[in-house]
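Here the chain labels run A, B, C, D and E in written order, and each chain numbers its own residues starting at 1.
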Amino acid sequence: MKKASETVGLPPGTPVHVGKRRAERVRITVIDYDEARVEEKEVKSVEECFPFRDKPSVTWINVDGLHDLEVMEKIGTHFGLHPLVLEGIVNTEQRPKMEDFTNCIFVVLKMLYIEEENDEVAVEQVSLILGSNFVISFQEREGDVFEHIRERIRTAKGRIRKTGSDYLAYCLVDAIVDNYFLVLEKLSDKVELLEDELLPNPKPETLPAIQRLKRSLISLRRSVWPLREVVNSVERGDSALIKKATRLYLRDVYDHTIQVIDTIEALRDTVAGILDIYLSSMSNKMNEVMKVLTLVATIFIPLTFIAGIYGMNFKYMPELEWRFGYAVVWIVIGVVVVSMLFHFKRKKWL
Amino acid sequence: MKKASETVGLPPGTPVHVGKRRAERVRITVIDYDEARVEEKEVKSVEECFPFRDKPSVTWINVDGLHDLEVMEKIGTHFGLHPLVLEGIVNTEQRPKMEDFTNCIFVVLKMLYIEEENDEVAVEQVSLILGSNFVISFQEREGDVFEHIRERIRTAKGRIRKTGSDYLAYCLVDAIVDNYFLVLEKLSDKVELLEDELLPNPKPETLPAIQRLKRSLISLRRSVWPLREVVNSVERGDSALIKKATRLYLRDVYDHTIQVIDTIEALRDTVAGILDIYLSSMSNKMNEVMKVLTLVATIFIPLTFIAGIYGMNFKYMPELEWRFGYAVVWIVIGVVVVSMLFHFKRKKWL
Amino acid sequence: MKKASETVGLPPGTPVHVGKRRAERVRITVIDYDEARVEEKEVKSVEECFPFRDKPSVTWINVDGLHDLEVMEKIGTHFGLHPLVLEGIVNTEQRPKMEDFTNCIFVVLKMLYIEEENDEVAVEQVSLILGSNFVISFQEREGDVFEHIRERIRTAKGRIRKTGSDYLAYCLVDAIVDNYFLVLEKLSDKVELLEDELLPNPKPETLPAIQRLKRSLISLRRSVWPLREVVNSVERGDSALIKKATRLYLRDVYDHTIQVIDTIEALRDTVAGILDIYLSSMSNKMNEVMKVLTLVATIFIPLTFIAGIYGMNFKYMPELEWRFGYAVVWIVIGVVVVSMLFHFKRKKWL
Amino acid sequence: MKKASETVGLPPGTPVHVGKRRAERVRITVIDYDEARVEEKEVKSVEECFPFRDKPSVTWINVDGLHDLEVMEKIGTHFGLHPLVLEGIVNTEQRPKMEDFTNCIFVVLKMLYIEEENDEVAVEQVSLILGSNFVISFQEREGDVFEHIRERIRTAKGRIRKTGSDYLAYCLVDAIVDNYFLVLEKLSDKVELLEDELLPNPKPETLPAIQRLKRSLISLRRSVWPLREVVNSVERGDSALIKKATRLYLRDVYDHTIQVIDTIEALRDTVAGILDIYLSSMSNKMNEVMKVLTLVATIFIPLTFIAGIYGMNFKYMPELEWRFGYAVVWIVIGVVVVSMLFHFKRKKWL
Amino acid sequence: MKKASETVGLPPGTPVHVGKRRAERVRITVIDYDEARVEEKEVKSVEECFPFRDKPSVTWINVDGLHDLEVMEKIGTHFGLHPLVLEGIVNTEQRPKMEDFTNCIFVVLKMLYIEEENDEVAVEQVSLILGSNFVISFQEREGDVFEHIRERIRTAKGRIRKTGSDYLAYCLVDAIVDNYFLVLEKLSDKVELLEDELLPNPKPETLPAIQRLKRSLISLRRSVWPLREVVNSVERGDSALIKKATRLYLRDVYDHTIQVIDTIEALRDTVAGILDIYLSSMSNKMNEVMKVLTLVATIFIPLTFIAGIYGMNFKYMPELEWRFGYAVVWIVIGVVVVSMLFHFKRKKWL
């Protein structure tokens, strides 16, 4: 895994792959469509997708795997991307952002997964380049949330085949935001599970689980929060690349983003509440232990004292000679116990 | 119950009913009125209410039940609603929002109830479409807070019959916001009850009750907070659909919304205060138990030691032979007890 | 006492008295003045004050008691008040606000008192209507903070007789804000008292006192905070009813409001600090009890063990036969006690 | 000491001295200078400084002591000050503010001292009136932070003699802000001292010291925070009284103010950290006491039980007759102690 | 080390070196370049670098060591710097800021290091003067993060030799911001280390380590937070000194700054989480000790009472005479122990 620090000292605009290498090889697929036809193929070499740039039809080039800088630079040169855009695509530790270069719009997003093996939220960076008649998407590895969109293009379902590249770009962003709802639902289920198993029987092991959940939510928040600003500035921006009809849809994505943030905040509140209940339960449990045990001790300590008195070996202890001395001691003990219990009961300590 | 995640992968603008299905069947009622006359009827099929669109009189179409997408789409087509509006109406997990489509204004609101059975705050989504001479309202189920308004239309009470569709829409929003005061009063009563039963005698069961109340208030806040922005943008907006006279009334609704938020915040402060008192009371109670019990133990432990000394079996223990040894021991014990009690008293530990 | 919920379902602009009824009967006084003369009288029926509307002199109509809706509506009709203004005057649970109707300005304020009987902050709503040559003030009951102003009008002290109705309205607002300083000083005294009696000797009863104070400050804050916005929007507003010279004075009131808010925040900080010290003192006191008592227990438990050993009845226990066995035990006990005390001392537990 | 409440009921613009009377008598000094000459004198009566108003040279009138309202009113009348300005000067409980009256600028500031006797932060109000060719400064008592400036005027050091009254006013503000650094350094030293004596050996007495420091910082913050806005609005304002060259310097003062605020926030963070460490240390110390003492008790209680068993007086107790019974008991005791210590060691409780 | 307070009383614009003196002597190096050639030299006296001002090529003058005010003033005079700029350069306790003097832009930044010896974050102030064809950088001591840039100039790598002084200034800022990532990675490693060694085995020594880390992050935040504003105002500013192409790069630095702030906030959250876990672990550990020990005590105290009873010396105690009295006692003891253990087990206290 490469760290951001490895880029230190390089000239600005030098693309360096930062982050885990998640794909074996770079895989490039092209979908080219207009209202009449669709063409879909996986290209062997990057040069194969260059001719599409000058066709009037909408072209979606998807690149899985960011580590091959040579391929990146070829794309950059051919499609006229600024060096900083290339640097941004391959540095996977960026925050979501949007940059308007008159000839294209550059958007960085975060795609989220719940990893099956360890139940944590994994983050994958997705970059989009929106040109007048093409969209280029860059992903860290194969497998994405865009399969529905490909299917819609193939089957001409919805409006996608009748509209331009800006609507395609919107669909990609929308798919990523929609996916957040899936992730949030899974996290929400985990919160509920925690609540159901915690409230009846709190254990010390629950604390790390709560903290893990809290951290997942914070990392989620960090991915989603700047997205709000990104979608807003695309919608409000004056770029000629975004048509008016598409802006309405972007407004809708914006509302979804706000809703995601709302849900995250609500989950955070719930987790904070769980934490409070957990801490309070632990302390109640401890208090209960201490109370019962101390009660036992308190009752028996005075009794032991009484027994100790008549265990003394003084020569002249009249009680020891009495016929019913022993019985009297038991009676005294009984009285002490009963009056103590009565006192505790009245004070509601029992 | 359908979740937001079920909409993932569908083309944007596809209406999918998200949320619980709360109504058996879709029920459509129409009220058509002008200053002179009122017509009110329940329609069997959705097509029956289409002719009203082109009448000059004000028409209020109310739809209870959102699950029948066919009906929805017919309404959408006839009244020229954007696909995203339809999607928004049937997705009941949205936050309150307002969207201005030049020919109509689309508003999403939350209607709140205190559910009788479990005393929790239930949320129902209400969507309003305001056109130049009609208002369409969509609710999740029958039963609403609009009965007063229907009565006023029938009896021509107030100004409602003399004004246009914008005033009707205002009345609907106003009724929803007014209803919040009812909900808040019930919550406020619960807070007071909690305060009255908590302060004299705190129990561990009170904590979950406090947390439930806290959560109700947070969910309330989430429903009301965005409403402020919604009402404000309708009032400040430049839509030709809202007449100037109506804006004054919207300003009033805005003030009510702020007041609702204020009251929620005040209740949250109060609940936070109750929580503090609860935690402090629990800890005081525990401290009191520990203190009294430990005092008892402390007094008797040294005494037991004294008794233990004269329980030893040494051959040469002069005290044991003394005539008044036993009496002296009792005197010593008395002195120890009295001086300890005196010391504790002076230190205010008793 | 009537609640806000009783207005639910009524047509907007229907005046309903919300809040406690604090006055027996409605009492209306009129002061009419210009530079040359003053006329002051209490009117029997509301119609008596109507002629003043059309006089060029400045008229101040003061209404004590809001429950008589008939009187209210007469005033509203004669002075051309919007129905929402009337509704706002009689609903005493509003937050401070300012509404500019071109022909008049409507201001809602909160007058604060410290109630003698229970030392709590009481809130009374005061509404002002500022017209071109009149001011109407509405109060919940007789008795107010305006007596000084009446005196100044009668004696022509200050500039009040030479200026218009806007200056009179300013004076009323100023009197209300000035009165906040009195309330704050009383609260401040209570905080100091709490501090002086708390720090030397914390008791469990102090917690509710602190909480009560905290709540007073929160309620105060809620009354004063929106006032800031109110005064600011009157001063910054472009209403022709407020002359430029008066705006300077309003600026001054604005500064006072900020100062009141500052003082409230400072008091809240102080109360929070007192709470921290209280909690810490309570816990220190408990710790001290526990420590001393446990020390006592710890010293005597090993000693009791030693005594227990030589209380055993084994046939063959050589020490029991020794001449100085008993003395040796006492020496051992002494050594144990001294070394323990020494150890505790070194560890600073004593 | 007079309180703000004493001004209640007076006509607006009535000057009333609020705050402690800190000076015996009002002392007025005048410095009049241009590039060529300086004239400095203490005037007996306030009228002596009036002629300077109409001279083209820059005049600095300094007034120490605010209680003589007659003097104040004479100055006000002669220099054309608004009644509210006079009221503001003598009310020493104001927050820092700036008011632009076209013919002059009125600025209220707070001068801070660390009082030698009780180590607390004392606040003195300083008001400045900046006119086209004069500056009037009002202070509560003699002794200030302006001596350096007087010296610079006398010796013509720096640019002060070549510039106008706005630069002089800037110098005064700058001197006050610079002085904050001195106060902050002293507070910073106290924080460090607290840190050095607290960490090795926390005592209950440290808590009030921390709270006092916290309160000093809060009061400091309250004096400095509004200053930021004041300096900014003077710099950004469009008053003709401030020349462009001076604005650059005001920008510098603004930066200093921000830096002061930053330092205060940093100190507050540090104090909060100290408080956390203190509370944690106190609790650790208590825990340590409890732990060691409870360990002792736990070891000896079972041992005492064993001894108690063989102290019983049953006729038929075979062990008592054994030759080595006593020795066996000691061995058992040894085994119990060692195994307990081993167990505690393994659990890291020792 | 000189403190800010030493500048008190000096005329504004008097340069005074504030902060530690970190360099032995002032060292000045000059790099002068255009597309065709590079000239690099260390100058003996400051006058040697003056001729470069009027050359068309780009000149970078780097000054290490700020204590020699004479050198500073010579540079100031020759390059036409405002006195406040000079004062700002030598006062090393400033916050990052940017000042636009039409002929030059003055930027103050903080360069951060992790000090090897004590693992703390050290802050060094770097000031930049950007003129039309020169950049002057001032550092507190030799050794910086600019070596890569010098190398790029020498080898004409990247675009640096083809661009103007604004691009050079950008490169310097970029290098400083890039270096923050290095510092953050080291801090991040320390946080992880803390997490790995803390969770399995919390010790009281961990608290100061956590607090130190917290403080490092706060100090970092204070250095980076204002930088955001600085970079933004340079980028958004309308200075003719910054070319449009360079603004794009500045936008990139801005994004990096936001990312640094994000990472700092994330680390702060993590440290706060560690603190919570630490406190909870400490309290759990203590609770566990208390619980086990108290359980032991509770079991043995009643048993000791039983033994005490039969250690009494009453003449008439029938049980003592019984043949199996002693055995019965052991059976009773066994029953008590087993039933207690069973009870504790059922209550989950074991």
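Basically, a contact is a pair of C-beta atoms (placed from the backbone, for glycine too) under 8 Å apart; a residue touches a chain by one contact, two chains touch by 3 or more.
Keep in mind the model is a prediction, meaning the values are calculated, not measured.
Engineer: So which chains are sitting against chain B and chain C at once?
Structural biologist: none
Engineer: Within the chain touch network, how many edges lie on the shortest path between chain B and chain D?
Structural biologist: The least step count works out to 2.
Engineer: Once chain A is fitted to chain B on CA atoms, what angle does the rotation have, in steps of 5 degrees?
Structural biologist: Result for this pair is 70 degrees.
Engineer: So, what's the distance in Å between the C-alpha centres of chain E and chain B?
Structural biologist: 43
Engineer: Could you grab the centroid distance between chain D and chain E? Build each centroid from C-alpha atoms only and quote it in angstrom.
Structural biologist: 26
Engineer: Could you say which residues in chain B touch two or more other chains, in rising order?
Structural biologist: 290, 294, 297, 301, 304, 308, 311-313, 317
Engineer: Flag every residue of chain E that touches chain D in the complex, lowest number first.
Structural biologist: Answer in residue numbers: 3-5, 7-14, 82, 84, 87-88, 93-95, 97, 99, 201, 204, 207-208, 211, 214-215, 218-219, 222, 279, 282, 286, 289-290, 293-294, 296-297, 300-301, 303-304, 307-308, 310-313, 317, 319-326, 329.
Engineer: Which part of chain D faces chain E closely enough to touch in the complex?
Structural biologist: 145, 147-148, 152, 157-160, 170-171, 174-175, 178-179, 181-182, 185, 199, 248-249, 251-252, 255, 258-259, 262, 266, 269-270, 273, 276-277, 280, 284, 287, 290-291, 294-295, 297-298, 301-302, 304-305, 308-309, 311-317, 347-349
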